[in-house]
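In the two assemblies presented below, chain A is common to both, partnered first by chain B and then by chain C.
Then we have the complex of A and B:
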């Protein structure tokens, strides 16, 4: 005769009992609001984007499942490959420059930390661009390099220097946008680095000083290892910002001259909102997401900071 | 307490009557901004005063993503009841629009009493596709020649005789350059699409066509196309009449530019700048004095199946009112009204705009000298392909011949895609 016993209970029921007994559900309850928002505004749109990338999307005439055809078409499209190349160029310019400049400024302010007023003032000056919106940044820098009335053009004319065409020059357009982006982003990263530098125990530097360790050695042996978590945070943040750069490119050059500064996010925008090729745009979005994810994880691995993510 | 109850009932009753009186709600979406948006708002306000039974919500000023938003609104079954569509966007947008002569509630044109004979035949027909009328013409707009009279005087030119032939034009440019000013800017603020329009003007003036009639292939990579592009490139380079990347609007309003090709929408800006300006037709440089232009038209986006007839009729009533009062549109927005009766309004004919520039643009329109952009389901992509390489030629990155060859190849690839 069949008798109920612990051994007969389905494993799932046992797991549920254990779950309830251990009050794990309380923890889930605490994060439920976040999970709901994350699911609604991040996970679902990303999932739906991936789903859309498999369709020739046209709800009026009827969407058609095309499998990976949108991805194949992307890599057959010279314009996409050009946008991909430009994105990599842009990331290569922006990420190292932002981190280097931010760290340099943070170190300088760290050295001057004795003068509180000067330090605070410099902090405010460096951080203030970050408070501006992308449209203000783009318009300001576009005006700086205006070939008729720009301040840089005026400077060149005053000193009789040969003035490049700047934003109208395919060689200069992307570097100028990258420079404007660095100027915009550097303040926040600087604050992050400053906070990390402030957390380093002073005793380490005092011992190093007594032992006569030069600054470059102090930087490599003490500072860099101890600010690694901040470095990772800034790297990931800057990498993501650089990969999804859109506003400043749209407003400063519109992707031009020609397509010299057209980046992936802009390519995606034209396809989605100008040509209404939603499937193709979604596929480009998935590629962008994949690239950002892979490079972020690569950065984590290279910096040896796996534990920071756990 | 009883009194309060009665008062509440009366209040509810009034609310119900008010609701009945305003039973039709129309959303009207446009892509207009600045002076255009103000002009449209003025017309809609007049309509609101004349037709209190129809509530109109006017949403304006989203030029960049307007068409994408219109499509998405139709897909979401929450479209505006009235919208604007550039005539050259019809083929791209047709799936998202209601055929006005075959709507689910009948022939809206007849129901609203809209008379096609009030509009220029070509402009009216431009709103037809697949045997149906989708659009009601609102205006025609286009580029003309704006010139600075003071610079003309400084350059020894007659400020009352702007150049109208190739020889006159070249002579004027050289004289202005010699006087120390930017001589000529052919493309407003030099955005890629503006450079393309300038090239199109030169090319159309030579009798060229961008594509074959069936849109199977590009037809601009030829001697005429090359000559037109070389002329455009030389303006910014060899001729020294302007600089690469120069903004014609800014140069003109700063009093630094002699002549500018720009649209009629430049009028309020030119006026405010204080520049002593004149306006003339685009000169006949290469044979036929064509200019670039387009037409804003009114449309009824595709409505959900259960949309009541009253809503359609309300939208059409508003559309008719707008076209009949388009003199305001012309006076304030600068675009030439398509409705012939509106163009006869004495308030328009006496306005500064009409006297200073409007009548000249209207003359170009009536003579059929305004060439509309291409109308193709992938028109935006095709135009982008052309303007990308034209811009690269202008900035000196590639030669004009190379630019045309690349643009042709890309256009043909777009046309060959399913």
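Then we have the complex of A and C:
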């Protein structure tokens, strides 16, 4: 006997029916505006960027597919390798320092038993540089470290100390930019850590106090394990933003002196919008993407973002 | 004994606060000094004769008010549209059932970490093609679909009790009604937090605005500062006055909305391991 049931229907028709009946389309309808914007301005440009990196871009004679030639040229380019090295140097300076200072501030304010007004003020002040635009950060520190009329130079002169030319000195340029970046970014991470510290049950410390556990032990055994998620979150965030550093460098040194402080994003910017080597710039972008992707996967693994989906 | 200890503690904190705020204060102080005083050695900390000379020059030679309005428009536009589309998307991800939902969410979540650098060249071509180049809309649109917005709002929507929704459904609410009458009224803190976050993000956006906006009258504040610095590299009075003026609005907003901003950051990091 013929039965009009599930088994007789082609799966696709079944899916179609359930799509129409169970109002599956409703879910899609709600994400549609976001998805359109996301697809146009986030997903598509990344795909097109990878595509462009495989071409010798030329608007007059027409672009030509060159395979991986742009990447080969990139790794043959001493300037690119220099930018890559500088980026890594910058990251190794900025990331540990930012996290350490942020954690120190957070702990300081958390253990603070003095006046509430003062600790609120401190929180606001430590956070405030994060609100400033990158241009303001660059202007502030450029002026601060001005080799002729800057306050640091004046300070050195008062005490008759030998004073380097700071941003005009190849040895000092990158560390000073890193220093300015730390000053800029610390506030945000501090708040993240403060939130994490606030979630630690207070009883743990009371017990530790009764048992006479010294502070460094408390720090290693209680605080660090319990704020680990926030620590990793900040680590990934800081790593990525340090790899992408652009504005500070452009405005503080322009990559100089020479190319002593040229980083990847700046290299990409010059190539794309000064020399119009679009293919090569796109390839540099893909390298940056690769670096970030590796870090992200690492971060997702460490953070266990997947568990968030349940 | 105790008072001495607390005085020392207070003293330490005050010193730290002063050190941290000093670079900004130095910019502000410089902005009010005369040119001669800026370039005199030994340096004076406080302006001996405060002057508004640099501010007058700033407003008379540069379209600073225009930049302020541009930044305000860009940031407001981004905030409003982003809040709308992210709320709709987050609602769908958190509360509606459909095929492929979790996979799509994971993909969008992963795109949170894509560096903008890889997209700037394609975006450049795209904005030229769509005649959005050198317009504020061109500068604004790529910032709107920030994945962290969807993530943040979804997290919050997930934690709103299901019973409320069921009750509304029994009363005959459609999914739109649930969003309007159940989800939105219960999510005001997170909407405010994300609103403040994205406003600040758009206000400070630099790289893409620098590329997209070329007409000096159309640029936003951060790019405008770059223009001033590029034109008068050593005119420290003018540059510091501009940096000072550009920071005042954000700092004022921060003083008013401090709690929301700090709460927003705490929320945005709220990945519970």
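General observations
Basically, the second predicted complex is superposed on the first by the 259 of 310 C-alpha atoms of A that agree within 3 Å, B and C clash if a C-alpha of one lies under 4 Å from a C-alpha of the other, contacts with A are read in each partner's own complex, and residues count from 1 in each chain.
Here is the rule we use: a residue touches a chain if its C-beta (ideal position, glycine included) is under 8 Å from a C-beta of that chain, and two chains touch if they have at least 3 such contacts.
A quick note: this is a predicted structure, and the numbers were derived from the prediction, not measured.
Once the two complexes are laid over each other on the shared chain, residue contacts for A:134 go to chain C alone; chain B is not touched. Within the superposed three-chain model, A:34 lies in touch with chain C and out of touch with chain B [touch as defined at top]. By the touch criterion defined above, A:258 lies against chain B but remains apart from chain C after alignment on the C-alpha atoms of chain A.
Looking at the shared chain after the overlay, A:292 reaches chain C, while chain B stays out of its contact range. In the overlay built on the shared chain, the residue A:81 is in contact with neither chain B nor chain C.
Looking at the shared chain after the overlay, A:169 reaches chain B, while chain C stays out of its contact range. Looking at the shared chain after the overlay, A:149 reaches both chain B and chain C. When the two complexes are overlaid, the chain among chain B and chain C that reaches more residues of chain A is C. Within the superposed three-chain model, A:276 lies in touch with chain B and out of touch with chain C [touch as defined at top].
Touched by chain B in one complex and by chain C in the other are residues 146, 149, 272-273 of chain A.
Residues 6, 9-10, 13-14, 16-17, 20-21, 23-24, 26-27, 30, 38-39, 41-43, 84-86, 88-89, 91-93, 96-99, 101-102, 104-106, 108-111, 113-126, 141-142, 144-145, 147, 150, 155, 175, 200, 203-204, 206-207, 211, 221-223, 225-226, 229, 236, 239-240, 242-243, 246-247, 250-251, 254-255, 258, 262, 265-266, 269-273 of chain C touch chain A in their complex. Residues of chain B touching chain A in their complex: 64-65, 67-68, 71, 74-75, 92, 95-96, 191-192, 243-247, 250-251, 254, 256, 302, 378, 380-381, 384, 388-389, 391-392, 394-395, 397.
Every residue of chain A that touches chain C in the complex is listed here, in rising order: 15, 19, 23-24, 26-31, 33-35, 37-38, 40-46, 48-50, 52, 108, 112, 114-115, 118-119, 121-129, 131-136, 138-141, 143-144, 146, 149, 151, 154, 157-158, 183, 188, 191-192, 194-196, 228-230, 232-234, 236, 240, 243-244, 246-247, 250-251, 264-265, 268-269, 272-273, 278, 281-282, 285-286, 288-289, 292-293, 295-296, 299-300, 303-306, 308-309.
Considering their complex, residues 58-61, 146-149, 165-170, 254, 256-260, 270, 272-276 of chain A touch chain B.
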